[in-house]
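As written, the chain order gives the labels A, B, C, D and E, with residue 1 at the start of each chain.
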Amino acid sequence: MVSAMRKRRDAVRRNDLGLPPGTPVYVGDREPTKMRLSVIGYDPIGSWTRTAPDVEELLRYRNPGGVNWINVNGLKDGEAISRLAEAYGIHPLTVEDILNTEHRPKIEEFDDYLFITLKAITWREAGAEEAGGADYEQISIILTRDTVITFQEVPGDSFDPIRKRIESGAGRIRKMGPDYLAYGLADSIIDSYFIVLDRLGTQLETYETRALEESGTRFMRDIQCVKQEIVRMRRSIWPLRESVSALLRLESELVSAEMAPFLKDLHDNTVQAAETVENYRELIAGVLEVNLSAISNRMNEIMKVLTIISTIFIPLTFIAGVYGMNFRFMPELESRWGYPAVWGAMGLIAGGMIAFFKKRKWW
Amino acid sequence: MVSAMRKRRDAVRRNDLGLPPGTPVYVGDREPTKMRLSVIGYDPIGSWTRTAPDVEELLRYRNPGGVNWINVNGLKDGEAISRLAEAYGIHPLTVEDILNTEHRPKIEEFDDYLFITLKAITWREAGAEEAGGADYEQISIILTRDTVITFQEVPGDSFDPIRKRIESGAGRIRKMGPDYLAYGLADSIIDSYFIVLDRLGTQLETYETRALEESGTRFMRDIQCVKQEIVRMRRSIWPLRESVSALLRLESELVSAEMAPFLKDLHDNTVQAAETVENYRELIAGVLEVNLSAISNRMNEIMKVLTIISTIFIPLTFIAGVYGMNFRFMPELESRWGYPAVWGAMGLIAGGMIAFFKKRKWW
Amino acid sequence: MVSAMRKRRDAVRRNDLGLPPGTPVYVGDREPTKMRLSVIGYDPIGSWTRTAPDVEELLRYRNPGGVNWINVNGLKDGEAISRLAEAYGIHPLTVEDILNTEHRPKIEEFDDYLFITLKAITWREAGAEEAGGADYEQISIILTRDTVITFQEVPGDSFDPIRKRIESGAGRIRKMGPDYLAYGLADSIIDSYFIVLDRLGTQLETYETRALEESGTRFMRDIQCVKQEIVRMRRSIWPLRESVSALLRLESELVSAEMAPFLKDLHDNTVQAAETVENYRELIAGVLEVNLSAISNRMNEIMKVLTIISTIFIPLTFIAGVYGMNFRFMPELESRWGYPAVWGAMGLIAGGMIAFFKKRKWW
Amino acid sequence: MVSAMRKRRDAVRRNDLGLPPGTPVYVGDREPTKMRLSVIGYDPIGSWTRTAPDVEELLRYRNPGGVNWINVNGLKDGEAISRLAEAYGIHPLTVEDILNTEHRPKIEEFDDYLFITLKAITWREAGAEEAGGADYEQISIILTRDTVITFQEVPGDSFDPIRKRIESGAGRIRKMGPDYLAYGLADSIIDSYFIVLDRLGTQLETYETRALEESGTRFMRDIQCVKQEIVRMRRSIWPLRESVSALLRLESELVSAEMAPFLKDLHDNTVQAAETVENYRELIAGVLEVNLSAISNRMNEIMKVLTIISTIFIPLTFIAGVYGMNFRFMPELESRWGYPAVWGAMGLIAGGMIAFFKKRKWW
Amino acid sequence: MVSAMRKRRDAVRRNDLGLPPGTPVYVGDREPTKMRLSVIGYDPIGSWTRTAPDVEELLRYRNPGGVNWINVNGLKDGEAISRLAEAYGIHPLTVEDILNTEHRPKIEEFDDYLFITLKAITWREAGAEEAGGADYEQISIILTRDTVITFQEVPGDSFDPIRKRIESGAGRIRKMGPDYLAYGLADSIIDSYFIVLDRLGTQLETYETRALEESGTRFMRDIQCVKQEIVRMRRSIWPLRESVSALLRLESELVSAEMAPFLKDLHDNTVQAAETVENYRELIAGVLEVNLSAISNRMNEIMKVLTIISTIFIPLTFIAGVYGMNFRFMPELESRWGYPAVWGAMGLIAGGMIAFFKKRKWW
């Protein structure tokens, strides 16, 4: 459990503490993978794709007329990333942010480029031992005048549809500039939030069913886990609201005027994702209330049965006790009708009690 | 129940994930109906109505001098809607928003048109199996210089009064421009919120009565359903506050200056609807408190009866037990007055207990 | 009870739904009374008062040099009010707001006039059947360049002191313009809030006493009623804060510069009333906590008595049961000292128990 | 208790209701004391102090070159204060605010003067009958171009250090203008908040100890009293935050530029006092939680003892009851080893139960 | 415990109350240590370090071309610090803030210098008697045109890495101005928050384990302690958010334009630390909920066992009691099969009860 909680709270232990600001060191809780570089160039007429063994080779592939999209998988080699960044005039602190995979989402404007960092969220299906949950991967996007550079820790498939659109020339992507590409990449990531939110919603449904049946501390702990999951998702989505909203007001040469409706659309999607997360917070609070009510209800019913049985039998047992006394002179004991009379009296008392309970609707 | 909850949480599963932005695909949880097109034209002198089999036919009916109101029922044919939109210079992303019936309410300004999307809310009466609830339908309104286009999923009757006013020439509607028509349409939708809020209020009243009588988990779950209903209504109404408020500050050529008091009125109505929803949230919280208090009260009374009966009879039973012992030498047993004396002692103890309880006001 | 709750929630059912905007129809839950018109004219030198049978007659009484104050009691005749409004250039939507007595308080600026609508609150003393509570009446004030028009549903006496001040020429009222009159009217209404707040405070005091004594669901429901009363008062007072604050920043020709300190004073009073309402919310929450604590305390004491008596007598009864067994060979039964020894053992056990309870401070 | 609560809630009953705005009438719940007037004049070279029998006499003592500080003790004679105010061009509404000792703290700018009203808080030590608490006194400060006028209800000693500094010429006070004097007076009042907060903190410490020991409703009520005390303190301190913050942005001729760091310091102190109050709110909530936990803990332990004793003895008593039956044919009763065997069985059952409880850690 | 709480609440008792503003007096709850002065000078070419016995000596070491970093350890000698401050044109109120170690974090701009005060937080490991916790030390940084002056109460090692970087010439520190040095110092302090937050996170993990096992009031009090710890940390970190954010918008000659990305980075780190603290608040609330649920769960299980055992045995004991009655005429007693028949009946009743409980899932 401790390890579960460690995962839930933020990984606040950072490997770069004490180092001078701007030192390119990977920060995260995964084993960093080897760097793999690829570049896609396109213009309205066509497109080409290449992979490069190292940064120096990669830089030679620059397509002067069209749009270049460099994708960097694996953040192990901080030095190589620094060299790539330098070639595009990127500030060392931006490199530090790219390598710090625990960074909160943000969009930052620099003189020559726009830096976007956000979380790709994928859903990890429940396995034999572990409950399902969300996996977070940091994606960094750098938008310069003619190039988009994306950085990710492990190669994911969230960019595949965009790659295909570039290759096939479908949609308007080949006709537009690097700003549209950067928008498309961010949009595809934010779109994927809705898949994760849907899965989480399905999980919440099972919790509502469980809320009525389970009463243990385990359920309460599971609820706390889901709550933390929602809190984490919230922290991954909410800062984007402000950032995209700031981007809308931003007047940068890097973002052309015709991007405005697309950015508004991005903003709408972010707001909708954020609102869904908020709704889940309220749902989970409702689940908790239902669970507490179910537990208390079950307890109350048990108590009621005890109360009723006790209350009926205690006076009867007392009467039996009275006639079990060994006094020599107890006239009732000698009577022929004593025993049936006692049964009758007991029946009357029990019946009266039951009638009283029925009247009060306690039965 | 699971399906009930699925309905309550947002329909986050979207059919258009992975598609390029601006692709006209219907998003929603209903079966999209076939498109039906109609157009109403009017000017201060008269009005005419026509239906059209397809978009191309429809576009021919344009009334150059007066106001045109195109109504589109059914969002199935995304392609046809795209063609209609293109004819009026509407951005593909706006078309996407029109087709995405899970979109949050908003008012967006473009260069050539104003895009308004909001929810028409109607009350579904409680049936044999299902509790009453609110049904949401997305209405999109596009306001251009001489035309208003409305889109709705299923044909509703919320626009009928306005159609009649246009035909009869009552009020100021025929004397004013398309901006007044768009306002009138939005106003009639927001007015209808008050009918739904009144029904929901009536339902809340039944809950307050139930809060005093019911104690089960079912009531708690029903309350959670109502809460979610209120949350959903809130999400349909609140964003309008900001949007209408932004519209008030907006300086657009599409909205003439003499519209200002009408927009203020729209804003007032939205705020009042939003405040009523807020009030319902507080009412439902109060209902929950009353319910919890009623349950705990009933339980406490049951416990009190148990306590009193137990506390009185336990000592008496003990005494009976003592004189049921079979010791050979128990002087009391031989006494002639032993039995009545024990009864007397028991009576005294019971009386003392009752007096103690009465004094403490526990009885 | 249902009717009580209907009163508490907003009267959201409006009679004017579906009508074109600006139609003069009375909205409210009272029987509208017949219209009564009166006009007071004054200038620094003198004052005169007249009543008029109808609007046309009234309009003839205009005092060109000084200040005119038209008072309209009863909102039944929407048509007549429309005619009066038209004579003063008042927008039909303002007339609609005047007639809608469920409108939230606001101050709205138009080109030629200022429209103020707020609630006069009076305290209804507790009667034989009903608890005391606040009654709300909507007052609308229109300030034009030389005239103040006030509208109220039923004739109240809140304006009497101002009438007297005009007649007697006391204070600065006769020396100043219609803006000061409008301020004075609003000020007298807001001043009267403090009387109602004082009465409500007195009622809260009785609740605090009751919180210690009562434990029933009835108390909880009464508390909910008071809560709703406070919520309603809050909704009548809070919007004024913003409105008066906006008035302070407003640069209108209708309000002269020398009004500034008076408006600031009005703002201070509104804020103080709003803060008192907030304080009552916290007080009522505290009362609820005290009540829950008192109930739980009483229950705990009852349970403790049960526990102690049970815990002492259960082992004693067991011992008595043992020596009530009918085994043939029970040496203790034959012993001469068996019976007193059992009593002694019982005494020891009971004493030990009591000592244990005393030590643990449970007694 | 009722009177205690009356003190806690705001004194909303105001004596000036219905009077024209600006009428100089004392508002408060104390007996107003007789007015005492004194004036201190100083410049960098020296200082002098005089008392005056009436306002007219006082006005003659004006020191044209240096700084004048007029102190008014006692707010009984509204007329005299009005005359004083008129001599310094002070608005009648400001006079009304000075006399209304229930006014919330504020800083208001007028053309010719700055009006500051705030609460001096002193700690009343717990007496024989009453718990300790805070006493509030309203201090009003008026800053004109060459004069500072202070108004207080009863003569306090909070200004003594400043008087001494003026007389001795220590610090920079004699070298600076009336704005510094006004700042110094406000600063000395806000400084004194920390003394009161420290006392209140000490009182909170005793509550934390009591939270572990007491379980009664009395503790809950005391907690509510402290809560109300904190709420009141909050209302006296929080409005100052905004006011001083507004003062920082204010560009008035009355406040010289070199006052900026002093005003920032004032702001810091106010914020710190406000944050301490906020912290106390959280502390008191924590105390309440500890108390509720302690009560529930004690109750649970009592219940556990009852449960264990009942659960052990109920089956044993049943066995004793079985062998107390009077059936003619009960073979066990005849056996020589029946009685010891029953004891053995009882011991086994009791031991098993205890082992079960121990295993479950219920013992 | 009282002393523990005294530590937790703010040290509001200030030694400087009543003194004129700007008097240099140490405020804090530690014994102030003797002042130790040192100065480091550097430029792109080299660096030197010196310690000085007193302020006058120190001031002679000024390096005109490069950057000077004066470090002051120990805040005992307010007079000496005043003399140092005067030499650099620092306002007496800033000196007062430096000496008041209970000041809240802030960044304040003056004409000639920037004043930064913030808390260095270090983690005190849990000892034999005391739980682990955070220790706070106030660090003040003054940035002038060519000098950075730092003040701390006790010599800490948080600045050592920066000293080493200056000496070795690593990174960009020697190439940049005093603004970068001040940033580096603030950054190293904020970086150290993450170490403390990690430790606190580890402590929270132990609390989550304890939440499942402990049920005492002690746990509740420990939780309150941690809560207060988090509250205090929050107060040390949150004000920095605003301050750094204000610094970003600040246009001061003291901070060069190329510092912008570094300040943004500082802001990001502050926000992340603040968010982690917020997350801990939610975690601790979750821990409390789990704990309450675990306690209530355990109690409910105990009650259930009591209920079941009581409910089964009470009717059986009644039956035994009936046949223990001494009536002369009880036909069952004479029967040969009476005794086994009673056992059979008892078995049936017990079995029926158990079946009932199993069916209801109460067992």
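The rule is simple: a contact is a pair of C-beta atoms (placed from the backbone, for glycine too) under 8 Å apart; a residue touches a chain by one contact, two chains touch by 3 or more.
This one's a predicted model, so the numbers in the text were calculated from it and none came from an experiment.
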| item | value |
| --- | --- |
| Chain labels contacting chain A and also chain D | E |
| Chain copies touching (chain D, chain E) - same or different residues, decided at half shared | different |
| Mean-CA-position distance for chain C and chain B (Å) | 26 |
| Chain centre separation (chain C, chain E; CA means) in Å | 42 |
| Contacts with 2+ other chains: residues of chain D | 303, 306, 310, 314, 317, 321, 324-326, 330 |
| Graph class of chain-chain contacts, one of line, ring, star, complete, other | ring |
| Chain A-touching residues of chain E, taken from the complex the two chains share | 161, 165, 170-173, 183-184, 187-188, 191-192, 194-195, 197-198, 201, 204-205, 208-209, 212, 261-262, 264-265, 268, 271-272, 275-276, 279-280, 282-283, 286, 289-290, 293-294, 296-297, 300, 303-304, 306-307, 310-311, 314-315, 317-318, 321-322, 324-330, 360, 362 |
| In the complex, chain C residues that touch chain B | 1-2, 5-6, 8-10, 12-14, 17-18, 20-23, 91, 93-94, 96-97, 102-104, 106, 108, 110, 215-217, 220-221, 224, 227-228, 231, 235, 295, 298-299, 301-303, 305-306, 309-310, 313-314, 316-317, 320-321, 323-326, 330, 332-334, 336, 338-339, 342 |
